[in-house]
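Below are structures written as structure tokens.
Here come two complexes built around chain A, the first alongside chain B, the second alongside chain C.
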Partner chain A sequence: MSNSASRSREVMKKIIKMARSTIGDFKAMNNPNLNIPVRSLSNIIFSEERGMIEMGDKTQERLFFHQGMSKKFMQTFLVASACTELLKVEKTTSIRDLFYMTKHTLSRGENTFDDQSESDVIIEDIEVSMGALREELHLFASNRGTMVGNLTLVDSGDTINARKIGSGGWGIPSIVEDNVIKFKNCDADFILLIEKDAVWRRLNEDKFWKKHNCIMIQSQGQTSRGVRRLIRRMHDELNLPVYVLVDNDPWGLYIYSVIKQGSINLAYESVRMAIPDARFLGLSSFDREKFDLPDVVTISLDKNDEKRAKQMLAYPWFKEAKWQKELKKLLDSRVKLELEALSAKGISFISESYLPEKISSGDYLD
Partner chain B sequence: MSNSASRSREVMKKIIKMARSTIGDFKAMNNPNLNIPVRSLSNIIFSEERGMIEMGDKTQERLFFHQGMSKKFMQTFLVASACTELLKVEKTTSIRDLFYMTKHTLSRGENTFDDQSESDVIIEDIEVSMGALREELHLFASNRGTMVGNLTLVDSGDTINARKIGSGGWGIPSIVEDNVIKFKNCDADFILLIEKDAVWRRLNEDKFWKKHNCIMIQSQGQTSRGVRRLIRRMHDELNLPVYVLVDNDPWGLYIYSVIKQGSINLAYESVRMAIPDARFLGLSSFDREKFDLPDVVTISLDKNDEKRAKQMLAYPWFKEAKWQKELKKLLDSRVKLELEALSAKGISFISESYLPEKISSGDYLD
Partner chain C sequence: MSDLEIGDLFAILEKSTDSAPERSDKGEKTVTEVLEKKSRKRTRAEEMGEKQRSISISEFFAKNKQLLGFDSPVRALMTTVKEAVDNSLDACEEAHILPTIMVEIEQLNEERLRVAIQDNGPGIVKAQVPRIFGQLLYGSKFHSLKQSRGQQGIGISAAGMYSQLTTGKTVKITSRIGPEHPAHHFELLLDLQKNKPNVVKDLIVDWEEPHGTRVELEIAGQYKSGRHSVDEYLGQTAVANPHAEIFYINPKMEKMHFPRVSQALPREPKSVKPHPHGIELGLFIKMIRESAAKKVGSFLQHEFSRVTPKIAETICNGAGVDVKKRPTRLSAEEIEMIHKEMGLVKIMAPTSDSIVPIGEILLRRGLARQVSGAEFYVSKSRPPKVYRGNPFIVETAIAYGGELRGNLEHGDMDDLSIAGVYLDPEKTISAALLDLPGFTRKKVTDLCDRCNIGTRTRVKNLEIEELESLRHSYNDFVKKEANSSPAQIIRLANRVPLLYQLKACAISKSVMDINWRRYNINQPKGGYPQGPLIIMVHLASVWVPFTSESKEAVAHFPEIIEEIKLSLQECGRELGNYLSKKVKLRAAQERKDIFVRYSTELARALANITGDDLEEIDGYIKTAMENFTTANYEMEKPALEEDAVSVEKWESDGDDGDDLPEQSNSGTENDEEGEE
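Presenting the complex of A and B:
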């Protein structure tokens, strides 16, 4: 039995255990109660030791006989039951699909769910209660991102040689657990994650990954769960350092920080998704002077940028002096920079000068 | 010389011709003038014969010695010069990159471009003036969409067997002209274009493309230029019919109509991108009754939906009785449906019942 099949059985067992305990409560004439871990800022800690955002151990009651809770109680079992079904038939589906699968009208005219936001929250409840990622419940969010580089992998039984995958690359699926994706032969020295697909394409056209022996992934903005989990697995299992290349603005820094420490909203996933030693390669606010970029390609920070950068200054995971310096430089300079701004120095400046210099001199933050 | 290399030379020649003519005007002491085809509703016609939206032959002057036009005149040459450079060095870049490449500060403190919206418009001017798609000017927009199915192709020299590309699929690049993408062996009977990646994944997991011998593409919403052009090429060169599967709402119908007739804004591209005999497979407003879908999965039309559907009723390309019936049914029923709503009938209802029934009975609109 594969790791994943045994993992599916484990998750199913936990769901069945929850169901049995509830049946037991009914039989004993107790008010059935689920203890759901709290997923808010009040239950978040930043572990300096592990370098990630983690969930504390506060839980909240969810009672069956309770006017305000009984609907959510019922919804929890509806979703858990649908996930068990998915696990049994070995199929996966989207969280949107799950909403439709579990949306019914009850006999008194009320709907089990009116809006997907209701079922999404229940999915998160079950994830934390069962200690399972949604992908392990056979659910997926949207998939985004493509990959090329010095690696062969197996995706659902098909061998993918990411060295021979053309200009388009291999589309990264949203479920990348080891029943779907297996790593074969890897010669790469590192992973380069790029926020922007246009930059990834420039680097792919210049065969950057071949010259610098790496794996290149583009995330099309905020990194999807599939991409985060895939990079984490490659980092762990193939021992590859991870470099992150994003725009020089608070949003870019946020993308980096989610990869590194996880996010506040989804803190319970950090342990499976975060990569505390991911390295921030750029764009740094210091790059403008270092690489002599013209003023004309800068963009003024707007109010939101400033507000966000100030928030980030206060986060425990940006408390180190090097990060305070970086964020303060961003605020002091009052401008941001997109990755494409490097093209002002020439179309292949990024692949022929910027990245090689940064990587060879170890000019990154971590 | 490949088709594409000769095409590049052709495009470069046209740009050089424009430049020579302008130099000639200067030498002859004439006011240099570019004639740019007009790209607005006033210059659009729907060709019933060819079944596509086309650009008329109105042009507008762009004079060098003219207070209101001289900046645009200069911008036109800046962009044309950058494209010529890209064509010469055989590199491609994004329209965002091009903006940065051509953004300078002039000696009197004015910028050549302040905002990308300015350079994007100039790119369109050059496309229509030169009769070349932006991809032929070596420019790309964002890439989106993935593909699986019974086809082997070559992408930038790498052979891609789309039958062995895993759960992730092959990422469709934004430039798919014949210098980049070459079709090899194709056993597919048709192309299925799906608006939603989650539905594509369900069908890929169920190996729908294998059982029904097709190529499956997902477009993640509005179809990108790369996907449109690729489908058009496969349709023309491999003789494959194209079926489109979208949500049952005005947005879904719009996605279909852009694939079929082209769009008003980019009418000049229709001749290279539109597929007038593309078939609308669903979701149709009649599917709800045909497939006995529960009321609970419908969503009420909002004001925007109604407004948009009414606009569409008036478009010449929706004038046929079958389309009027379809649109009126949507408005009368006052509800819309997402593709995921089919999951209310079971997770694989779409792959095992809905699509096979629709395709085998020829139940589509065209």
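Presenting the complex of A and C:
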């Protein structure tokens, strides 16, 4: 762990430098300013060559003597201070803990932070400003996502056989770097990422992973950083192709897009997380006809869906004809489909017909 | 009886007063004489012959008492007080006495009141008393062109007549002209047929006052509190007359005292002739027709103010008329030309001798005495201007904010009053609350509902807690209302408050015509400005044009409206400056509060990170803060934070930025872990 200790010192030095420069500004009667890289659509670049979203170099001011920025300025140092404490004592805590460490009441009932979403954003600001990852700030998020499949791994020294992990699967931790997670023997041929827990359970009960020799992960909606990083590592280190199974709606497509190219908000993490050759297995807008799904299982697109689909049509990483076709089909059909809709054809239709057929015929988009 | 119409009679009255200012020295002229004179000139009047001469003005007015403001019991009381107080103030000023006036109103029974008004004026010589109080249209102000309160001289005798008609009682007058003279006491009745007083009693009495007059009348009337009350009228009279001291006892036995604010009597107004600018053609023609002058030049010099022989010549030359021509021989065209020239000729502005403004300082002081506790006062007095040849002066004042947001005065715990308004214990709560200023039935019901009190509960049956709860709710209500309720407008004409016919008045129109939003004051489209605001306008003129005989509203003359607007705009600008400065100061303070609030946290965090001394860091921050929190520190541009960036992005290319739909899809799911 000496490596991580020296990394901790490095991060700490950066934080102290930021604090000293602020104190210096006050001393010189200046308005202290932090330059924080912008994390929004206006500051990302889609690298065609690498197939991922990368962060640009736009920064924004954060001034202390500014009515609209003062609080965030203070919050930034509150979080930085809490991280310094963690780094000093070499302990790691959850971002929820950090929220409570830094939340307290100012005058007139105002809180330093009202809810965790506020402190989470500040953590990201510090990550990008310090060039330090969350785990390097000694922070982690709660576990989200579960895994089962033909793989044995070591988690913090404990060997986990993902083949014998029961109906609930192995909970994927927030930090999955190789100092925590190490892969041992793997017999799987591919990874199947499933948006929905219920579908994952169905497939687990049907032992789909055994029959088809794969690793199955469910992400409970949008994939967490831990899940993305783990899949990326398995993809890189175990050479496994990644298939993504999501609802047939803009939201599902966006989950796939984040796995593939990275997200706009965390563009600086794409390098570690994006999997440009991840494959979109379904549900496709064309599956309704292909698999003769009854109309009753469809849901009409609402205004948000339509708006979102149209926005996605304009994203550079969806410019390829096959994606345009897919998105336009979704818009034209005016309906969306949930994964569960496949159950209309029988409870195990998904594990016995849909998936084997799609995978064996190579019916996917990438 | 004659078939002469009201309109005709008033036309005659008006013309006779308009056209004969120069005859004021003749003094005692009765309307009967005026009518006789007129009837000789007018063919139509001539046809009416003998009959007309026997018309009793008293009888005419008895049938048309609404014209004089006696049409309802409430107004009758007001008019009675008003006429008597006006007379008293005029008399005192004429005699160079600082007025001290006492008004007592006593409730005799449900519909009958005794009204007594006493002044420390010069008193009235014995022989004049019966005529002044017992004969209509008897007065010396009638024909002179100078500023005074009463104008027709019908007021006080009309009150006497009203008293007689409704109660049958005599008018009681006590008057004394000096310590060396005895005090005379009269009781009068009016002969309505002959317009003549009948003296019922004529005594010499003991009176402690060295000089002065006391009038006592018994009338059918009704006392009401609120905006149209005698209380309000006397309060406003005090504002308009800072040199007057007024004592007042109302029918609820509440004593009020308005002390003198100024020890100086207002300058005595002088009689003036009309000014050539702005004289109406019709009136001008009349003046020419009736002129006894031999030459146009001398006519112009003598009938108008500021006209020198040279100016008269300039006018005549301009009009192409011989200065020596006899006025009565002028042709219609010539008269018109002269009139036109008169409007164009360069001439000194009318003398303001004839008008006495209250003055900026006294106006403000008077307003501050009456409505104390406002946070801002401003007053403006304009130079004299002319309408129809009459000089006039407009003065305005504004009080804003502070306690005007609500009268937060609480009564004592056991006191049956809310915000200073006494609640009649015998009334139901809903009826009693209606006496509160600005209350409607709907508001009363709301208030009672909020306090959980039945509207039909009698005031005397209210628990103390219920009364307290009513007071609290009322205060909340008032505070809320203050910002959305229209400004109170105090209208004064020649120092006399105008309480009725707000909508018909040129003053109200001027107030509405102004764009108050420019001065940071709320104003609905085409309405009165809103907020904790009192607007006062004083119009002083030798002849205030009223819309009707009851003298409640100023007629809409463009020249007058323009002046009022200009003056109010001057006040408005100062108020606007005050308000924007206040907003700026508040904003600066809020900024500072924010920085102070966060700096403690920040200093602690910085000390924790660096290990530096906390107090030292705190000191640096506090010193630096001074640099960024002065009131004139330029406000920052809006934050260019993430939000601003994405909005900007959104607008430029129609994209929502990143993760909006995710948020709408699910609160907990996001790009990365959100924890439950």
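Note that in this section the second predicted complex is superposed on the first by the 278 of 366 C-alpha atoms of A that agree within 3 Å, B and C clash if a C-alpha of one lies under 4 Å from a C-alpha of the other, contacts with A are read in each partner's own complex, and residues count from 1 in each chain.
Following the convention adopted for this analysis, contacts are C-beta pairs under 8 Å (C-beta built on N, C-alpha and C of every residue); 3 or more make two chains touch, one makes a residue touch a chain.
Please read all numbers here as calculations on a predicted model, not as lab measurements.
Asks: Regarding the shared-chain residue A:Phe64, is it in contact with chain B (first), chain C (second), both, or neither?
Replies: Second partner only, chain C.
Asks: Of the partners chain B and chain C, which touch A:Ser156 in the superposed model: first, second, both, neither?
Replies: first
Asks: Just checking: does A:Val180 make contact with chain B only, chain C only, both, or neither of them? Give me first, second, both or neither.
Replies: Once the two structures are laid over each other on A, A:Val180 reaches chain B alone.
Asks: Let me test your reading of the model: by the given contact rule, A:Leu238 touches which partner, first (chain B), second (chain C), both or neither?
Replies: In the superposition, A:Leu238 contacts neither chain B nor chain C.
Asks: Applying the touch criterion given at the start, work out whether A:Ser142 contacts chain B, chain C, both or neither, answering first, second, both or neither.
Replies: A:Ser142 contacts both chain B and chain C.
Asks: In the overlay, answer first, second, both or neither for which of chain B and chain C A:Ser94 touches.
Replies: both
Asks: Who touches more of chain A, chain B or chain C?
Replies: Of the two chains, more chain A residues are contacted by C.
Asks: Using the touch definition from the top, say if A:Ala5 reaches chain B (first), chain C (second), both or neither.
Replies: Neither partner.
Asks: Does chain B (first) or chain C (second) touch A:Ile45, or do both, or does neither?
Replies: neither
Asks: By the touch definition at the top of the document, which applies to A:Asp120: first (chain B), second (chain C), both, or neither?
Replies: After superposing on A, A:Asp120 lies in contact with chain C but is clear of chain B.
Asks: Can you pull the chain A residues that chain B and chain C both touch?
Replies: 94, 96, 142, 174, 220
Asks: Help me check something: in the complex, which residues belonging to chain B touch chain A?
Replies: On the chain B side, the touching residues are 86, 89, 91-94, 96-97, 99-101, 103-105, 111, 140, 142-143, 146, 154-160, 164-175, 180, 197-198, 201-202, 205-206, 220, 294-297, 338, 340-344, 347-348.
Asks: Given the complex with chain A, which residues does chain C contribute to the contact?
Replies: Per the touch definition, chain C meets chain A at residues 590-591, 594-595, 597-599, 601-602, 604-606, 608-610, 612, 617, 620-621, 623-625, 627-629, 636, 638-642, 645-646, 648-649, 655-662, 664-666, 668-676.
Asks: Could you list, by residue number, the parts of chain A that touch chain C in their complex?
Replies: The contact residues of chain A facing chain C are 15-16, 19-20, 22-23, 25-27, 29-31, 38-43, 60-74, 77-78, 80-81, 84-85, 94-96, 106-107, 110, 112, 116-117, 120, 141-142, 144, 174, 220-222, 224-226, 250-251, 254, 258, 263-266, 304, 307-308, 311, 314.
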